[in-house]
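A, B, C and D are the chain letters, set down in written order, and residue numbers restart from 1 in every chain.
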Amino acid sequence: MTAAGTPRRRPGRRPGVVLGSCLLVALALAAFAGPLFLPYTHTQQDLATVLSAPSPAHPLGTARLGEDVLALCLRGLQKSLVIGLLAAVLTTVVSAVVGTVAGYLGGMVDRVLMAVVDVLLVLPPILVVAVVSPALRDQSWLVLVLLIAGFQWMLTARVVRARARSLRSSGYVVAAENMGASSARVVTRHLLPQMAPLLVVDCTLNVASAVLAEAGLSYFGFGVQAPDVSLGTLVSAGTGSALTFPWVFLAPVGFLAATVLAAAVLGEGLRDDEGAR
Amino acid sequence: ANQATPGQAPPGASATQGPDINRQDRANLREGGDLRVPIDSLPSNFNPKQVNGARVVTYQLADAILPSAFLDTADGVPAVNKDFFTAIELVSTQPQVVRYTIAPNAVWSNGRPLTWQDLRGHWAALNGTDTRYEVNNHVGYQDVAKVERGASDKEAVLTFAKPFADWPGLFRPLVPVEVTETPEAFNKSWLNGPTVTAGAFEVAEVDTTAKVVTLRRSDRWWGARPMLDRVIFRALAPAARADELANGGIDLYPIGGDIDLLARAKAVSGVEIRQATERRAGQLSFNGGDGAPLSDEKLRVAIAQAVDPQAVTDVVVGPIAPGSKAVGNHILPPGYAGYRDNSGVLPHNPDAARAALDAQGWVLDGAVRVKNGQRLSLRFVVQATPTGRTVAGVVAEQLAKVGVEAKVEAVPVERFQDTYLQPGNFDIIAFEWTKSPYPVSHDRPVFQVPEGAKAGNNFGRVVVPGIQELYDRAIAEFDPAKRDELANEIDVLAWRHAHHLPLYPESGAYAVRSKLANYGARGLGAYGFAAAGFMK
Amino acid sequence: MLDGERHVALSAPAGRARLAAGLAGRVAGRVALCLAAVLLTYTLAALSFDPLAELRSTQPPTPQAVLDARAAELGLDLPVLPRFLRWLSGVPAGDFGVTVDGHAVADEVWERAGTSLRLFLPGSVLAVLLGVAVGIWGALRAGRWADKISMAAALVLLAVPVFVLGTLLKILWLPVNEAAGTDLLPFSGEKTPGSDLAGWAAAGDRLRHLVLPTVAIALPQIAFYSRYQRAAMLEVLHSEFLRAARARGLTRARAVRRHGLRMALIPMTALVAFSFGLHLAGGVFTERIFGWHGLGDWMMSAIEHQDAMVVATSTLLMAVLVVVVGWLADLALVLLDPRTRS
Amino acid sequence: MSPVLEIRDLTVAFRGRSGPVTAVDGLSLTVSPGEALALVGESGSGKSATALAVMGLLPETARVRGSVLLAGRELLGRSDRELSRVRGRQVAMVHQDPLGALTPVVPVGAQVAEAVSAHHPGIGRRAAAERAVALLDAVGIASARTRAAALPHEFSGGMRQRVAIAMAMANDPDLIIADEPTSALDVTIQAQILDLLDDVRARTGAALLLITHDLGVVARSCDRVAVLRKGSLVEEGGVAPLFQRPGSDDLRGLLSARTTAAGPERPAGEPVLRITGLRRQFSPRRGAVVRAVDGVDLDVRAGQALALIGESGCGKTTVLREIVGLRAPQTGTVELFDRDVSGLRRRERTALRERVQMVMQDPTSSLNPTMAVADIIAEPLRVHGWPRPEIRARTRELLELVGLSPEHAERRPGQLSGGQRQRVAIARALAPRPRLVLLDEPVSALDTSLRAEIMDLLTGLRARFDLAFLMVSHDIPLTRRAVERVAVMYLGTIVEAGTAADVLDHPAHPYTRALVAATPVLDVQAARARRAAVLSGELPDPTGFPSGCAFRPRCPLYAELSGVDRAVCAEEPPKPRQVGARQVACHHVDPP
């Protein structure tokens, strides 16, 4: 129980929150505004300077067809961020809905939903995504977002459900029920707001795992499809050059790690904040 | 022929060369040693004649453990495999009769002598009459009327129902009658490994856990004793091969078009690059199907002229095999004895292309030509691989120079064939095609006249008048020199009508441990495990 | 397994029957879980795969008769569910159907499973142990530099995809191998192919092959577990019962050892059970990168070859593995936490 | 005699995010051998911090200055190893939360044995275990030998506290520090535990430092009292004189909260609630049945207040829930405003909800922490579709009614004190102008000093709006002054019901008598005199029902009965019968 009168600490004081959000904002700015300031597009080939080492003209060097690695990375970052964010938001929405409905309503609904969760948890999600993705290869990358979200929501849903279950018997939910509030009202006015900090934290952490998931799928060629690039496709395409033309590999790895790290640090910071309350 | 990288060839001279295998006398070789060769994966069926078995790996293995009627020499010409056949003669041509005389001491690994029955069984399984045999194709065998015993069990006589000039392509390799006896045996008995073999080597172990096939020197072998103790084929992802070569886990790997693999190999001491042009070549196919813009032959020809195959070759193969020359023949591979560069029929000439386009009424409007309000804009489909995208980049720019817009679509490799190539879903498409050692029989579907949806391998559906008659003549022509002449005539026709446009040869480059002799970049020749060895 | 059960039974004789019944009930539930999971993947695979695509695109073309025969053999004319049931009915007898290229799946399945286990188990066991150790060590030093550094390192490790980690390990090790002139620690496969080593030498050879992939498997897991273990331990360190234990005369160290450790390990059992599937997926990358032909590698190539039977079989084994680990985690929980026994 | 414990100028500060928090500020205290000193003060005044400082168990974030002498030896600044030799041997501690203080996964016997072996390293495992059994037996754990293998969660709160005391006495310490050892327990159990502590002290001669909120406990068990405020000593002295003439406002406030006055008599109106034969069973596990409510009859009339009292777990909350659910009960009938709830339609049920409201035990958990106070109060109005302007006006009115200022409207519950939160909860209950308010221990989660205040507010509101109350309560003195009628529950049944004056001042049923006797009172003499009447045992496991009278196993009357009389108790569950003006469910009580 918090001491009476203690004002709720606003998030943002923890170094993790500051660091993570600054880094994420910086990356997002670079991804979306950066390309405007570059003299090259990510598809522009320059067959005269293929695989050249970093130089003032190409700060991160050039790739196999003479594309500017920085331009490629920024473009890949763009895609990875968008995929990560969308998948994370979707994941969070699905897990929030499934979790609260299952936890609050209980009974048969709960059992069915949790059975679904259990079944999906038995399988390494990335493998299931891999199974279907060849068939969906020439679909839009939005399908990829759906797939990533579709196999990532289960753990959060369980956490949310556990929360919802404990909240179900909590004083204010019982009070609301006693005054005749409908289930919809209880869920939207009492359960979800209560869950919001948890969901925000989770959403942030999900960004990190979605970006990693996309990279993993791309490694097997199941992720974003050419000619589009993501950090995952860049890393996997650059793997072979790790020893020969290291910039082709290390640059996207750096961006990828920074993105995931930023999201994770931010998420953990927010979680600590939430825990401290 | 033992330089690390082939030197820059003088202009005009062909950089194409024969096998680059560090040829050495046996005296210079050390007795024993293991040759460790990376493969993509274990064959899913070790029977090279079964659908799932017809893969590069099984042919590679067959070179060491199965008989073969002919072996290719360095310039791609088949020569009788004397270890197994003392003679193979074309006895008559009307009807066509071929007699195979089997070496008297040729035996299978189970001790059973190699006889005419093996050839008969092989033919019976592959001729297509019994559909239970899951064969990869029946070309040639279906034209044989019968296989009979000759003077002895060691003599087989083939009588053809109709002339088949590419008959040396038969029994390459030859599988034992144990395999061809029943469809069941044919389809399944070699699923997990060869059982009855004959050759300089025999199967020591198929390790399905580690995905390794180990061959060892065969004690039964009646031919020249191989220098190597063992040949070890090991499934290894291409990306892992450079590490393994550096770590001493394998002795060579193909570089293909991968600049990283080349760079890695160059950095390893005791490893050199060997290179010899192989049968595979990159090409552009044009869509001549009804309603497609390029069904207009004049336009097609002009476009073909605008493309500079040598420039493409320089960019794609040049970094790996400097001095490589563009492929100048639609059906015969460079390096082959009868190969002729016929590109002079339709040489790269942008000025001519511009003039032709102007003449056809395609006038420049800004950067792109227009005719009757229609822009000269073509869908250019390539695979989303570095090579595909490079080709797209170079060609698109060349086309742009003559006022043709190429809209590049880099599509996933897996979808390429089904979605784009086969149904003719493109205006121009770039891909690589392996030329057959028997172009007259095997490659005929490339020029087949499309019937409805069936177009064989004529993906662009361009019909070249007169080409079928030439094929008919070639298939009945038993004189190799005359047949090569006919093949070149076919090629000239293909150039003239711009059926498709040959571009660059595959690099044929290998990273090979320098000590390895008589092995490496084989070019058009056979693998030759029996001769391979390590230098003292 | 049996050992664990006996252990439990000894410590709570009265609850033995109930415990056994409870565990049996869970086993049944989990078998159902596996089947449901496999049905899901099989259906997805069967609906989206085109097993004959590869044969159709050969050059020269495969005869139509062969294609038809193959389609019939694979049961492609049947709807998905009967096909699945046909496959499933063979499973209890060890028949896992045939692959697209005609192999009996059963021929390969145990080799694949063995390879995966040999690769994945040592790394995972090591990772759990080290992760727990590092987490506890960090919690006991919470706030100090060593703790901060190890936690930051864990975060960074978790931000790097598994396949990058594998590649980085190779890059870092390659100069060492080159300097040594031989492959001190090989990069590919689980033993030197064609080597005729025996006995200890063979074991040593396998061990050398195991080192790098094990590091690749273990590092992210250590990072993962240590973070959670640290949090769990910190919570315990602030707990009232630890303070009470010290109040009755135990030194801090002894109180932590006797009371804290066990409590801090309890939440880890659930974590291991839940996250095992995730780490298993990471193992697929490791198999690929280090050239071990295990279940993950099999499944990936099955996807490339559009082979639903193999996908179903490898999924089944992985699901069984996940479920068995879950069950072991339950067992560990029961051993650690006697409250769960009643 | 030199003191066992001497605290000199003790200062404890915690490192906080916004600077250090001083918890104890220059405190000096002494405890003489054998003496019982009470440490009282409002929440957060530094009582626990003092205790932990003595034990050397403050977290690392605490900075301690001053001096703590135990039998003349300085404790501050000693190493953990040295302190561990003192802890548990010279000074032992009993914590507030007996569940939290026992390691959940270690059998209680082993934990007690550990307290022994920690200071007798040579003692064998078996000997330590034997000693543990003896200790458990000594603190009144029945069949200690088998129960020693039980885990803490298998013990009730009272038994856990006994285990904690067994550990504390294991090494005959000179000083026992007990930090609110009974505040989580029922009055009956509290009385048992306090007796046990007295007993232990008598046997070991240990001094006691007792931290508590409850001055009744102080009156009963302590010799001297020290009052803390904000970490400093406010006053100190003998219990009897100080209770007579408190020197500080702190103490006066605490004392006044406990004084009892007669409840208001109010005329009864028409019935608003009538319950007959109500039963409610749960089956938490397969096969197990909990008869939470087992045949209850009650009625409440307009403007009247009925209190339902009884030990924890006897079914009080369940009764309220059955009412507020407005659904047909498993057995029996619930009539509200002369309407049987079982036949209600949806619409009628919703309409009825406006007239029956509930205030719950814990204001913190019953208020959604994410909502503003105004929204919380307005919620029932919104649910019942009141028009917006009216809601706004009503909200403002309600805030004033419960003594909150308009500025509180925008705050979140987290920004309010406990008392203010309960005011919000009350305002919310009153919002739709109910006729009947159900109150589930409305003050038990509050500090002692606040309880009276809130209770007075409730009583005032009841009078003003002519409300009927059905109130569940633990606190007998407070109940006494807030209600007209009382019903005493035991194990799902009503054992005695009547006017507050009758039942609480002159209890008839042996259970009621025990309950009243166990209630701490402030009068030192009276408090000590009552010790004899402590009820033995605990509320039995609700799944295993005794035959006949459910109270029989603990009944002091039964113990004195002859064989024939006992037979009735053993065979027949007693029916309520009229004894004087009240109803009593006992075979053997006579009118007082």
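A few remarks follow.
We take it that a residue touches a chain if its C-beta (ideal position, glycine included) is under 8 Å from a C-beta of that chain, and two chains touch if they have at least 3 such contacts.
Predicted model, so just to flag it, every value in this text is computed and none were measured.
Annotation: A-C is the more contact-rich of the chain pairs C-D and A-C, by number of C-beta pairs in contact. With each centre defined as the average position of its C-alpha atoms, the distance from chain C to chain D rounds to 50 Å.
Taking each chain's centre as the average of its CA atoms, chain A and chain C sit 24 Å apart. Inter-chain spacing, taken between the CA centroids of chain A and chain B, is 46 Å.
Remark: chain B and chain D have CA centroids separated by 90 Å (rounded to whole angstrom). Those residues of chain A in touch with two or more other chains are numbered 134, 239, 243.
Residue numbers of chain D whose C-beta contacts span two or more other chains: none are found. Residue numbers of chain C whose C-beta contacts span two or more other chains: 174, 288. Remark: the chains found to touch one another pair up as A-B, A-C, A-D, B-C, C-D.
Those residues of chain A whose C-beta lies close enough to touch chain B in the complex are 45, 47, 50-51, 64-65, 134, 137-138, 221, 225-227, 239-241, 243-245. The residues of chain A lying in touch with chain D in their complex are 1-9, 13, 170-172, 174-176, 178-181, 185, 189-190, 193-194, 196. Interface residues of chain A facing chain C in the complex, by the touch rule stated above, are 115, 118-128, 130-132, 134-136, 155, 208, 212, 215-216, 219-220, 232, 235-236, 239, 242-243, 249, 253, 256-258, 260-261, 264-265, 268.
Residues 33-34, 36-37, 40-41, 44-45, 47-49, 155-156, 158-164, 167-168, 171, 174, 274, 277-278, 280-281, 284-285, 288, 296, 299-300, 303-304, 306, 311, 315, 318-319, 322-323 of chain C are the ones touching chain A in the complex.
Chain D meets chain A in the complex at residues 17, 44, 324, 349-350, 353-354, 357-358, 360-362, 364-371, 379-380, 383-384, 412, 414-418, 420-421, 425, 428, 432.
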